[in-house]
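Structures for review follow.
Each of the next two complexes has subunit A plus one other chain: subunit B in the first, subunit C in the second.
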Partner chain A sequence: MATNPSTYSPSQSSERKQLQQQRRRLFQETDWTRFDGRGFQQCRPAFLKTGAASAASGSAFAAFGATKVIVSVFGPRESKKAMLYSSTGRLNCNVSYTAFSTSIRGQSSDHKEYSSMLHKALEGAIILETFPKTTVDVFALVVESGGGDLPVIITCASLALADAGIMMYDLVSSVSVSCFGRNIVIDPTSEEEACQDGNLMITCMPARNEVTQVTLTGEWSTAKINEAMELCLDACSKLAEIMRSCLKEAASAPS
Partner chain B sequence: MVGLSAGEKHFIYGGIAQDLRTDGRQRLHYRPISVEIGVIPQANGSSRVRLGATDVIVSIKAELGRPSSLHPDKGKVAIFIDCSPTAAPMFEGRGGEELSSELSLALQRCLLGGRSGAGAGIDLSSLVIVEGKVCWDLYIDGLVVSSDGNLLDALAAAIKVALCNTGIPKTTVNLGASPNDQPDVDVSDEEFLQFDTSGVPVIVTLTKVGRHYIVDATSEEESQMSSAVSISVNRHGQICGLTKRGGAGLDPSVILDMISVAKHVGEQLMSSLDSEIAAAEASAEDQ
Partner chain C sequence: MTTMQRELRLSLNQTQRVRLQSALQQLEEMTSLASAITVVADTIPVNHEDSILKGHGTSDLNGEVVATLCGVVERVNKLVYVRAQRARYKPEVGDIIVGRVIEVAPKRWRLEINFSQDAVLMLSSMNLPDGLQRRRTAVDELNMRSIFVENDVICAEVRGFQHDGSLHLQARSQKYGKLERGMLLTVPAYLVKRRKQHFHHLENYGVDLILGSNGFIWVGEHVDMNGENHILADQVSREDMADKSCVGQVTQEVHERITPLEIRTHICRVANSVRVLSALGFNLTVEVIVDTVEASISLNTDIKDILAAEFYVQTAEREVQRRVSLSRKKG
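Presenting the complex of A and B:
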């Protein structure tokens, strides 16, 4: 690597690398504050609101720190003609990113799997038998990607489903943690996600104490998984309380 | 799709509850595993793994490429899984696409570790030739020849075997005169470097049928599952990846229980795989 670049380079890869190394050093130590001043086990402030889009049967908006998501739910409506007869309802999920959701334009294309992951997280909670032969469409739009996108999408989608009056066993809430060396950090931002050693995301129905979806990357010991899961489940049940109070507020408000 | 009568379903459930499955196995027993190496001569490494009637082929090709600007000190690994319509009619056309992408995603998660590269089964920094300029791109292509359940475990085992069989050609680098030039890389045809596979994990999928969970489910058993958890375990007993399939929820304590069972089963699978690899290498040398 040239120490004095003679021409201007927009990628600044060496500078970025230095920054990453500096961050990595920080992550190995036990005492440090996060970039936004939170503690290790402190989630970002959650803002939830139902009725974000008027055309949909139900919708919700969620803002967790910089991450902002809108989810609209349409249906239950007639399944496409090509679909075979089904005695249970169908769930169709789609997650998309706006072009301006990340700092570098168009860099959010590596999230194709989010649609199927959202589907898997929700299908266990919805009582599909209540709307046979029909389809419920869940469309999620990430307006701003600020880290921990998928948990926010799932949480917001379950709120939108509740707003649409789709029968569910329980609200679904989701929380992820990042692992840095010895430390476990809850609800990571995208800066933290970019240099994490591992990630654990849990989606659960807190009232039934059931995990509907769990993904884990990186290398973990069993004790650490235990600790991280407990942390996630606790955060999930607290998040579900916020969701519940948001729904109650919307229902009691004079329309 | 597997069509089962009510009687057959009952038979499967009852057998699993009594720890004696339809093919005579116990809940935590794998089907006999058979391994072949070097099945594709034009690849850098290849393997064929059969797990009962499930049959998969994995080929690994190494090509020269450029590291991405975000990670100049790392090579690239791409995993593609193809579900051929020869395995099952439902894979025809776009039918296999969803399963293919689900399998490749799960394998990527288990093999490539966290975003920072920690805990990865394949050490990406060992694939770099000149930092920021030239690296090896490793293409891992899996083909499902015949499918009788538990594809993910079979594919992960096949990738592990194929990596043991992979030789990366030795390279000599002639750096250009100015640091901005693309360096000349000479690839040797004769000398190969063995790939370090000590960190490559195996995947153990625990399928929950009724109140119990089983390993290595056949497609009949899979059709009766409520949910399945795939756990990848490496040689040090660390968990390197976890994915869940199936809609039904699981109690958190069941998941923790599954993890400890998977660690135990993974150790056995790893040692039986190691002896199969040694046997396959010995028979390949004889020929």
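Presenting the complex of A and C:
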């Protein structure tokens, strides 16, 4: 506590700003090691597992470094009465954060748009014509937010959908990259996301070579975008391989 | 081993794990299952010179047959389809199903039967308790709650699909109707195969077992089909009597309605046997269930220990032996 109460400065926040500026300066240089010791083009180790929630028709758990997500899929089940008849199925997505998902408790509520983005990313991959009049509910719960949340949520959700036995054209995998000055960094952590110049997220169906969603924010040059997209697509197809082996392992259960 | 991890969180010790693995491996070799497992967007190898029919869970991509489901590839003559393990039940006309009433709507009940939509049981497509064949009146409609209310468990038959895809049921026989004094178990629908007989009376245990094709399994106290109307009439007359006479008769009646402890333990034993079989992913037939129950009795296994690690492993080993002896008989 300051001894003189007449003047005061919000020292903590200015300190934080300073720290961030320092980091930023660091990021402009071409050569630095990331906080978790990865290279620029190295993704976090991915851990995937189906069958996380027993009450759901399908579920999956994903842990990419510190980011941990559980997705449960319910349905297809009959749509609510208030909804009109539709010849295709409906997809209903919801993303929520636990109160303890961030380092400061209860500071993770500004992700309202994630639900609609998850919906956009998945609806292209699901064959909605196969379940008319019905709804599939996808509930994603971010247990721990460690950066790159949305790509992990999307990847995990598509795994849960496959586990639920819902018809899909292909698995959906998603990867994001951050841009720092001259550098492109794949699969950013939350510290890196806090001081990035721009972010690109690609969601694609690797086996069919189709992209279901692209989100681009911040400053980018055309050459950079090209480079980043290629990086993303390559990472997506590699991630899909991990997803496949996970599903295969789950399927070889006793039957 | 998903099913196991999902339903029973077992802690196997080292020897049990080894035994389980060897048993499962033998089963796998017998069925040669591993090769047929497919994941979404895998190409299914087919011989393009033969004409093939693409079935459920497949689609076409650049002339290749591609899976749209995770599961096992099945081939029946020309037809190629993918059978998903955790998918919902797909009804066929004539299936016997067990369901739970979720809504009493005008002239109909809505049932949850593990299908993608709710099933509909019309008032007009079931026998009335008085057993008379007649037009359903407005009074019958008002009395629907006296037949089934929400959360009742019902057994019925699939009647057919309406043109809008909704599913209609019927319960036009004495054997269908409300199920009471028992347990409802839910297992993956693919474990129950369609057979001639889905109603079973396990006489040794005084237990009724209904294997619903939708994966809902009912284990309950035995009800005498023919005597039911009789009992109903009996109850009515007794209620009349109770109005008139003393309290002693009422308590007697209450006493009769209670399921005896012995039957209850039998119900639990059968139910746990079904649980362990479904956790192992074995097909549920009445023979296998009775086998498991008998084994649990002869091994002096406690009812709760049927779901424990040791009996789980033993059940797997017993299944191996059963299949070996079956193949020997065939050979």
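Definition applied: the second predicted complex is superposed on the first by the 241 of 255 C-alpha atoms of A that agree within 3 Å, B and C clash if a C-alpha of one lies under 4 Å from a C-alpha of the other, contacts with A are read in each partner's own complex, and residues count from 1 in each chain.
Assume a residue touches a chain if its C-beta (ideal position, glycine included) is under 8 Å from a C-beta of that chain, and two chains touch if they have at least 3 such contacts.
As the structure is a prediction and not an experimental result, all values here were calculated from the model.
Steric overlap between subunit B and subunit C is absent once the structures are superposed on subunit A; the two fit side by side. By the touch criterion defined above, A:205 reaches both subunit B and subunit C. Residue contacts after overlaying the shared chain place A:233 against subunit B, while subunit C stays out of touching range. The superposition-derived angle at subunit A (between subunit B and subunit C) is 120°, Cα centres, a multiple of 10.
Contacts of A:214 after superposition on the shared chain: subunit B is touched, whereas subunit C is not. In the superposed pair of complexes, A:222 makes contact with subunit B only, with no contact to subunit C. When the two structures are aligned on the shared chain, A:179 is found in touch with subunit B, with no touch to subunit C.
Contacts of A:116 after superposition: subunit B is touched, whereas subunit C is not reached. Contacts of A:196 after superposition on the shared chain: subunit B is touched, whereas subunit C is not.
Closest contact between subunit B and subunit C, by C-alpha atoms in the overlaid model: 15 Å. The residues of subunit A shared by its contacts with subunit B and with subunit C are 205, 208.
Of all the residues in subunit C, the ones that touch subunit A in their complex are 1-7, 24, 27-28, 31, 33-34, 37, 39-42, 57, 59, 61, 66, 68-72, 84-88, 116-118, 164-166, 280-282, 316. Partner subunit A is touched in their complex by these residues of subunit B: 69-70, 72-73, 98, 101-102, 105, 109, 113-116, 118-119, 131-132, 179, 227, 229, 234, 238-252, 255-256, 259-260, 263. Subunit A meets subunit C in the complex at residues 50-51, 54, 57-58, 75-78, 85, 127, 131-134, 162-171, 205, 207-208, 244, 247-248, 250-255. For subunit A in complex with subunit B, the touching residues are 1-2, 11, 13, 16-17, 24, 112-113, 116, 120, 123-125, 179, 193-200, 204-205, 208-222, 225-226, 229, 233.
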